[in-house]
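Both complexes below contain chain A, partnered by chain B and then by chain C.
Up next, the complex of A and B:
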């Protein structure tokens, strides 16, 4: 009698028993689930809750304000929000297109066989390893209004008669941000595309050559279709990065001049930590998240699984 | 594939030209650091200083607490990477080996967590941390950076564990190993390159953060991280570009060194998710 009880008890803790294997799985995943609940889910719920309260600076545990949609009605009727949406859209399109163009061409270049290829590949993706803030320091000086290199170059090349007011002109500030972001963002595209290119079997090209396909035809009918899955994911990840980036814009232009570089991310942050409107800030942030989710689901569709 | 001489020449010329364009900003950072103030505020710009000011590095190192900033960045990165890896390794293993209810939901969640803007999460985190009296402490960064690292690390590690055949553990268990023993003694050693890649990538992620550091630590200079410290050198009216450039070199070096020497691992981490 005692033997069977003991045997039963021993078996209860025996995680090797097939029926207990799931238990071990749950035990192993529990710490991560708890952490994620504490530092991601709970804050996210708080943020959504905040966005429905008229609150300036929230106190945890303080009496929560009554439910109100005033933050959202303020947002949708404010010009600032629509301007931020427009700026974000422009920046996302320009930077993503620029990064893909430069990234794909450098990847195609580095995919050739030549001496020193390893070093060339390292060099071409080096900006990836330069921290965003340092990239901003470099470009802020190159875009300096009085003594910047880019302004001087523009004069030498005959684009303009005098130095470009990068800080006070809306258009110039936007392009300064965009160029900095492309320099920081293209290496990721390049790295991903190169990995994709190298997984294409060289037999395909050899076969196409035998059939008389020229360089363009090989690129159009072999490289592009086989690269598409990688390129699609990369595109979405780059897009999300531009959408949510804070440090480059904040340090380079601060969102100015006249909010011409204020994206939704910058608006979220400034509403909270500059104007102390936490409720409104949370509302902008929640909308940004919703837009990100909808946009990437639309772009990836059924392939959305491959993103993680 | 044989190239003609002209084709080779064109290829090398293109490569060199592209590299020069891409690396020019990094070169310019060095030139700016080494130039005298006179040379900086002059047009046309000086492309290589006549008398390179190599002592600028020593001067800036002495004038600004750069070592402290680097140390703080290091602490925050090591703390968040250690904490995240601890929970992510076991979670990634569980997701890879056990079919669990909610596995697909977890996948969707990781996807969403990747889209979570730091500027949104920083708002509730600020309230939470201030009610726990944590504002100004490096612990805020350890926790905040973990919000970025845990979702991606878990999924990346699951991918690595998926590539290790289950038969290895089954063999170990037949030989009398417990399931936990099989994981620790058999699977983890094989997954070491994957673990290293994930940890390295997470380290870079933490090192690059600016938004969280700026929000939580701006009023405690003793805990400033490298990125936050650098931005405080940007003056409202005058910026000493040679000083800030020299300091930037110090702060960019660790990540660039990691990149140059361990690129294989980092790139493995980057591309792991996309090639499936």
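Up next, the complex of A and C:
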């Protein structure tokens, strides 16, 4: 009898049996799932909970405040929030478009055969390899209003007679941030596009050439349609990166002047650590998350049609 | 299989025993955490270390873990530590940021500790700023007055005398701002103001001109006093200085100080801490310290020491012992001799400090003048909203400069917004 029970238990825990293989899978991924839950889901739940409380500085394990929607009421009636949304949208459009334009162009260039192609590809990926904070500090020096390289170049090339106030002019500050972000972001687009380009069979181009298609026609009717699946995912990832990026803006302009570079992520930080309004900061963070999810779903939902 | 498991278990047990063994002596000590942004400051950092060494000598088995957090992210770090229930036992904060912690009830009231040891705080510079809701929640560590440092060689070359008034200061700054090599880029500035260090620092720089125009943000009862003719004059002066190009723009404090220390700037209005930078600069021999031409001198409380309210009582006693040690006449004297700072204690003997720091009497003089005039960077009644208030003032001032607005209109806007912030 005992032997029968033991055999039954052994059978139940026999993870090699085909009917138990899914169990083994769950056991193997359990530590990772628990870890993700601990470091992502739990803080997310805390943030959502916090956004419905009127709290200045919360304390871990402290008593909760009563449920309130005042943070969201304040947010939707706040001029600052809508301005931050507008700045974020502008930055997302400009930086994503810029990164895709530069990234795709460099990928097309690096996809050709020429002398020094390996070095060119390495150079192309270099900005991506440089840690973000180091890249931003270097750009901050180059955009320095008093002694910066870009101002000096503008004078030498005759574009202006004096140094450009990159960080104390609303328009210039926005472009300083956008240029830095494009420089940091284009290599990712470039690498992804290059991988996509290399997966396009060369036969298609050869056949198109035989049919008399010129360069533009080959790009328009072969390269772009076949690159769209890769480009779509890349666009979403770039968009999310611009949405959540904090360090570039914080180091270069701090969100100023006159909030011309204050995005939702900078606003979240300011509400939490400058004004000590953690409830409001959590509300901005939660709304940013919702916007990101909606934008990603919209973009990923548009599956590119394959024409071949 | 069994053998291998046994070996593994034995190995793990040995490793665990050895690890625990190496931790044992460390666990025997009481460790007090002390986070500061001043660990590497020339002079001041050494002074803190000397106080720690003396404390550890007096308290065998107790160690102070002295860790640096950058000033730029200091408030964030402390907020996070307090929010996570992990505050350092020795709390070091800037005088414009402790109020939020005190208001949350996280700082221990120090009156019973002062009373128990019979410490009289009468005459302790800036100590009244440490009172929150009628209780003493901190000890003022530093109270300072601004001085003017100037480069004698540059002023002499421009044929300009050392300025004594705002008008002379502006004229001297204009006369010494030059493009020396003719490449279209200014490479020698008349003066320098930090405008990139955040709203609090921006307000400090502006305040030099505003208090010289006899204006201030609030009165002693906490009423907003921005929409006044004096404030309009102060804002006009700041706008004039910033628009005339006599100061580099968008620079951090350390960059501005470095430019001055290396002989690329004629005059700099700053606190006692400038001396550490000028001593290391290439123009060290040309730099002279004097009383500032803008009066009363800008000054006020700088930083405070406190203790968290929810640490165990035995730790509170140790923290209090450390705070008390820094308040002794000996350490107040070495705060001057070693750190080059103006000690807040009225009992501090600062005689002979001028032998090592020649301009020390000027530092004492400006500190006393600032204290007598009741000058402080944190406006009464706006302590809890200082960050929000300073950001508003910085933005409206930037708008005034960028969009060339009338200072009178800007003062009206600031008044309305400040009243709204105060609620």
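Some points to look at:
Heads up, the rule we're going with is that the second predicted complex is superposed on the first by the 297 of 308 C-alpha atoms of A that agree within 3 Å, B and C clash if a C-alpha of one lies under 4 Å from a C-alpha of the other, contacts with A are read in each partner's own complex, and residues count from 1 in each chain.
The definition used in the following text is that contacts are C-beta pairs under 8 Å (C-beta built on N, C-alpha and C of every residue); 3 or more make two chains touch, one makes a residue touch a chain.
All figures in this text were calculated on a predicted structure; none of them were measured in a lab.
On the shared subunit chain A, the superposed partners chain B and chain C overlap sterically.
Shared-chain residue A:258: touches chain C; no touch with chain B.
Number of chain A residues touched is higher for B, counting chain B against chain C.
Contact with neither chain B nor chain C is seen for A:95 once the two complexes are overlaid on the shared chain. Of the two partner chains, chain C is the only one touched by A:161; chain B is not. Touch criterion met: A:58 reaches chain B and chain C at once. Using the contact criterion defined above for the overlaid structures, shared-chain residue A:169 touches chain C, although it does not reach chain B. Judged by the touch definition given at the top, the superposed model places A:234 against chain B, while chain C stays out of reach. Contacts of A:273 after superposition on the shared chain: both chain B and chain C are touched.
When the shared chain is aligned, chain B comes close enough to touch A:129, but chain C does not.
In the superposition on chain A, contact is made by A:147 with both chain B and chain C. Residues 58-61, 144, 146-147, 152, 273, 278 of chain A lie at the contact with chain B in one complex and at the contact with chain C in the other. Against chain A, the residues of chain B that register as touching in their complex are 1, 8, 11-12, 14-15, 18-19, 22-23, 25-26, 28-29, 32, 40-45, 83, 86-88, 90-91, 93-95, 97-98, 100, 107, 109-128, 130-131, 143-144, 146-147, 150-152, 154-155, 173, 178-180, 204, 207-208, 210-211, 214-215, 226-227, 230-231, 234, 241, 244-245, 248, 251-252, 255-256, 258-260, 263, 267, 270-271, 273-276.
By the touch rule above, chain C contacts chain A in their complex via residues 75-76, 79, 82-85, 100, 104, 183-187, 195-196, 198, 248-251, 387-388, 391, 394-395, 398-399, 401-402.
Listing the residues of chain A that touch chain B in their complex gives 15-16, 21-22, 24-26, 28-29, 31-33, 35-36, 39-40, 42-44, 46-47, 50, 58-61, 106, 109, 112-114, 116, 120, 122-124, 126-135, 137-142, 144, 146-147, 149, 152, 156, 183, 188, 191-192, 195-196, 199, 229-230, 233-234, 240, 243-244, 246-247, 250-251, 265-266, 268-269, 272-273, 278, 281-282, 285-286, 288-289, 292-293, 296, 304-308. Only residues 56-61, 144-147, 151-152, 155, 161-163, 165-170, 254, 256-259, 270, 273-276, 278 of chain A touch chain C when the two sit together in their complex.
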